[in-house]
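What follows is chain A paired twice: with chain B in the first complex and chain C in the second.
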Partner chain A sequence: MSKPIIATTSLAGCFGCHMSLLDIDERILELAELVEFNKSPINDIKKFTKKCDVGLIEGGVCNSENIHVLKDFRENCKILVSVGECAIMGGLPALRNNIPLRECLEEAYLDGPSVENNEERIIPNDEELPLILDKVYPCHEVVKIDIHLPGCPPSADMIYEALVSLITGKELKVPYEAFKYD
Partner chain B sequence: MSKVLNFTIDGVICMAEKGQTILNAATANKIYIPTLCNLPGLKPRGSCRVCNVKVNGKFLTACTTPVAEGMEIENNSEDIIDIRKSIIELLLVEGNHYCPYCEKSGNCDLQAIAYKYNIPAPRFPYQFPDRDIEATNGKLLKDHNRCILCKRCIRGIKDEDGKSIFAFKRRGHKVIINIDTRLSANMTDEMAQEAMDICPVGAIIKKEIGFKVPIGERKYDKEPIGSDIEEIKATTI
Partner chain C sequence: MKKDVKSIIAKYNKDETRLMDILIDIQDSLGFISPEAIDVISEDLNLSHVDVEQTISFYHFFSMTPLGKYNIYLNNSAVANMMGCAEVAKVFEEEAGSKFGEVSKDGQLGMFYTSCIGMNDQEPAAIINGMVFTRLTKFRAREIISDIKAGKNVEEMYVASYGDGANSNQLIKSVVSNNIRKIGPILSPKAEYGSALKKIIKLSPDEIIDEVKLSNIRGRGGAGFPTGLKWEFCRKAPGDRKYIFCNADEGEPGTFKDRVLLTERPKRLLEGMAIAGYAVGAEEGIIYLRYEYKYLEEYLENVIREAREANFLGKDICKKKGFNFDVRIQFGAGAYVCGEESALIESAEGKRGEPRDRPPFPVEKGYLNKPTIVNNVETLSSVTQIINNGGEWYRSFGTRESTGTKVLSVSGDCLHPGVYEVEWGFSVNDILDLVGTMGDVQAVQVGGPSGRCIAPYDFNRILGYEDLATGGSLIIIGKQRDLLKDIVLNFMDFFVEESCGSCTPCRSLSVIYRDKLKKILKGRGVQKDLDDMYAWRHIMKGNRCGLGQTALNPILTTLRNFPELYEARIQKNKTFDEGFDIHSALKDSFEITGRKSF
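Up next is the complex of A and B:
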């Protein structure tokens, strides 16, 4: 039997959830035995080369590229998992959701205290750049998400248990202490 | 003890005093019914609806309904749990609840009930309402993003003349909690702490001290809410 295939990505996240995945310590060796990784920042595979069983999504959806990647994951993964608060509810990036986009961009590129060398007062708008969205959206409001793993980040134990349960088909039992929103 | 009433919760035989609410009787019988707006010692308000139980087939709030002889109460059936979960999920999307940086996280009743019922993500779309944070008061910070309008602060925090220091301001969906500037001028540190503690969520935060209790030692880090009330009854047969 071929090994289950896993893909991961970070959208509008801080890579903390990926760090938490690496936090499973030596169990990563067991995981490497059990599964094969496809598209992921961990191995730097940039494009899907085959259909995957599990896709782990870190981060919410803040720009057009995030939408593209998320839809790509939905098409290529049987089970899609929102990992962490940002994927689930937008998280800290969603703090901008109540501030008009123009104001955010002006603060970042024109008026913020750390802005330097922008005498021409340019807000980057090259067509090569992903278009920023009006709000940061939870992943499940953009595509169907099958499983949510809460936490900021979810504990390494929770991610590991969830992966093992997904690839072995065993029921996922998260202990009370591991189920947290922070 | 005044007249004793017999009733059942999920088939467990319980006893209550005449006039006792279902909630108080359940607690006395070591059965946990979740609540948010209720606070022991204050007149129950029945507004958050989280304590919904089914009494003889009808949904009623446990905090306001007195026990009657022979009542058959359901507290843990599937439909009740689903109603409670949907209320919690509505509250989570109706405000802006960023638990990762909320100072009440780990001590918050809303979050704790969500943990108890294992809610990984709300079924409703997030509203991201536009709400303010107010830091004008000397001792307290108000974060309207997290207020669930339970009125616990209004009902529970009074000055020495019995006047409420907190009040509702505006109407309808614009209603927010307000601190009376004059009455709160002499607020002691203890009162400020009491106000923060009485709030079931992180809408009232005491200034100048933060994140005092480390993660792992907070109220609901290790044991689900209600563990202090529940007790696994020893089977004696």
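Up next is the complex of A and C:
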């Protein structure tokens, strides 16, 4: 049997969940025995080269490029996992959701106290730049997500256990603290 | 300004528990509660800024920015919409040249939507500068705006004659109608004021509680807790002071019977409160009255004054040594959840109206942590009649579990909306016969949005605590209505707006369910949405208060009783649809950047 193939990406996140994945330390060698990695910032493969079994998504959806990547993952992965707070609920980036987009951009590029040298009052708008969405969406509001792995970030142990469980088909025991919010 | 605020605070003895009264007076005299006023309040009451601001921001009749010289609060509840509120609102906006939710640029006119104002039998209705305008039409809306532009007094804007009964009293002078369609022992004008008080002074408190227990009356607000038992708990609870609250918050959309009881039989209520005070050993009573009924203030204050003069309130009532009891009115400021007894107490203490954790129950630790009874207007008014005629007499009405009568508020698609006092033991069909329907009835909303929406096959069910309990509101919904869009969505918007936000299930699930419903109405729903909504319903039991626990009932009860309406609107060929619309998500971005594609 060939090894299961894993892909990962970070959308509107801080890469903390990927860092947490790296925190599995030497177990990454065991993981490398168990799985094959495809598109991921970890190995710098930019495009899917084959269909994958598991896609790990960090971060929510804040712009048109995020949508494109997420839909690409949905097409190429059998199972999609929302990893961490931002993917599941929008997280910190979603703090802007109550502020109109125009106000956000004006504060960032025109009126904020740290803005300098923008006499022409330009809000960056190059064709190469993705368009910002009206608000930050959790991944499951844009595509179907199969599994949610909570945490900010989910601990290295939990990410490792979750992947092993997924690959070996064992049930994952998520501690109560991991999904107790208030 | 500072002097005004200081004198208002002084009027309430710099008592932080009277913050609601202080804020209401400042709002009334200055038109809004300014940052400077907040400075003075926090300094004089020794509260932090956020303590003051969190109370202000909780109630929708308070504003921290200036309102208009004229302010229109138009009810946009489900029944108001059924009666044409949207058309009236459109005319208001066109004529005024400003939108609902804002104050016009010249500061003349503020227009706001508000939840049910207790006028469901005479919608569309609005409160304009404290006065209630009922049965609005497009024509009337044009007249009102032109009167406002001409700078007329609100009194001059009335064109109809005053309403029936006490609505035309010099101290009310309102166009509101009582619409009393059927009278029973509680609404009956018979029985002399004070006769029950004269009777109880010869009895011991325990004998009174026994009589109330014998009557088997249960709370008329909706929850149905046995009144005698509540009184007994409060009487036995240790405490140097005790309080009697009358719950006149009546915020459940579709309910307006307490307004009629307060207008027509206020003395019966005051008598009931004094009886409760005597029975449990309380000397202070507080009527928590919703701000929407502020037009009754002068009238009720006068009734209270007359009661004192007649020695039915005050010291040594009916010459009984040591029987002291007095009543004051505490206004709310627009918050549905304050109808929940512990939230009502919090609000009366000058705080956000958030329900408390229980135990301890209010009968042990209520207002100012003293044993407190909170009873509905109708419950207390009924007690007066129970004492007048005896518990045995009261039991002769109704059924075994549901004794006595119920004052119903009936509205919606019927010929004779209004107030009906009927003996318990009636079916929905009996009421439909009484009120006269117009065409086919699709559904009846029993007990307001937090109650149940029932289908015709349930119309023969008996209303009462044994089967279909109700706080007394029935909304008749005709065949011509789009039940999910016109009624259920409106009710869900209401719960999203009115959730106090304390408990996560109520705060979040009400939004998630509302959005799922919107998705289904857009044609993007799938079977999984219905399954999810059904499966997640138990999570709502985690909410602290009864109102939060029922906040999904508009969807859950229609999902159960009208599944075909949902099934007809979902996509059959898809198992999953996230409902995401990229074009609407990018609309702002297209506008800001001038780009047209992504």
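Basically, the second predicted complex is superposed on the first by the 174 of 182 C-alpha atoms of A that agree within 3 Å, B and C clash if a C-alpha of one lies under 4 Å from a C-alpha of the other, contacts with A are read in each partner's own complex, and residues count from 1 in each chain.
As a working rule, contacts are C-beta pairs under 8 Å (C-beta built on N, C-alpha and C of every residue); 3 or more make two chains touch, one makes a residue touch a chain.
Note that the structure is a prediction, hence the values are computed from the model and not measured.
By the touch criterion defined above, A:76 reaches neither chain B nor chain C.
By the touch criterion defined above, A:8 lies against neither chain B nor chain C after alignment on the C-alpha atoms of chain A.
Contacts of A:92 after superposition on the shared chain: chain B is touched, whereas chain C is not.
In the superposition on chain A, A:66 makes contact with neither chain B nor chain C. After overlaying the two complexes on the shared chain, residue contacts for A:155 are found with neither chain B nor chain C. Once the two complexes are laid over each other on the shared chain, residue contacts for A:180 go to chain B alone; chain C is not touched. After overlaying the two complexes on the shared chain, residue contacts for A:142 are found with chain C alone; chain B is out of touch.
Annotation: chain A residues 135, 140-141, 181-182 touch chain B in one complex and chain C in the other. Those residues of chain A that touch chain C in the complex are listed here as 64, 67, 100-102, 105, 123, 125, 127, 130-135, 137, 140-144, 181-182. Note for the complex: chain C touches chain A at residues 504, 576, 578-580, 582, 584-590, 592-595, 598. Interface residues of chain B facing chain A in the complex, by the touch rule stated above, are 96-102, 105-106, 111, 114-115, 118, 120-121, 125-126, 128-131, 215, 221-224. Across the complex, chain A meets chain B through its residues 82, 85, 88-92, 94-95, 97-98, 135, 138, 140-141, 145, 147-150, 152, 174, 176-177, 179-182.
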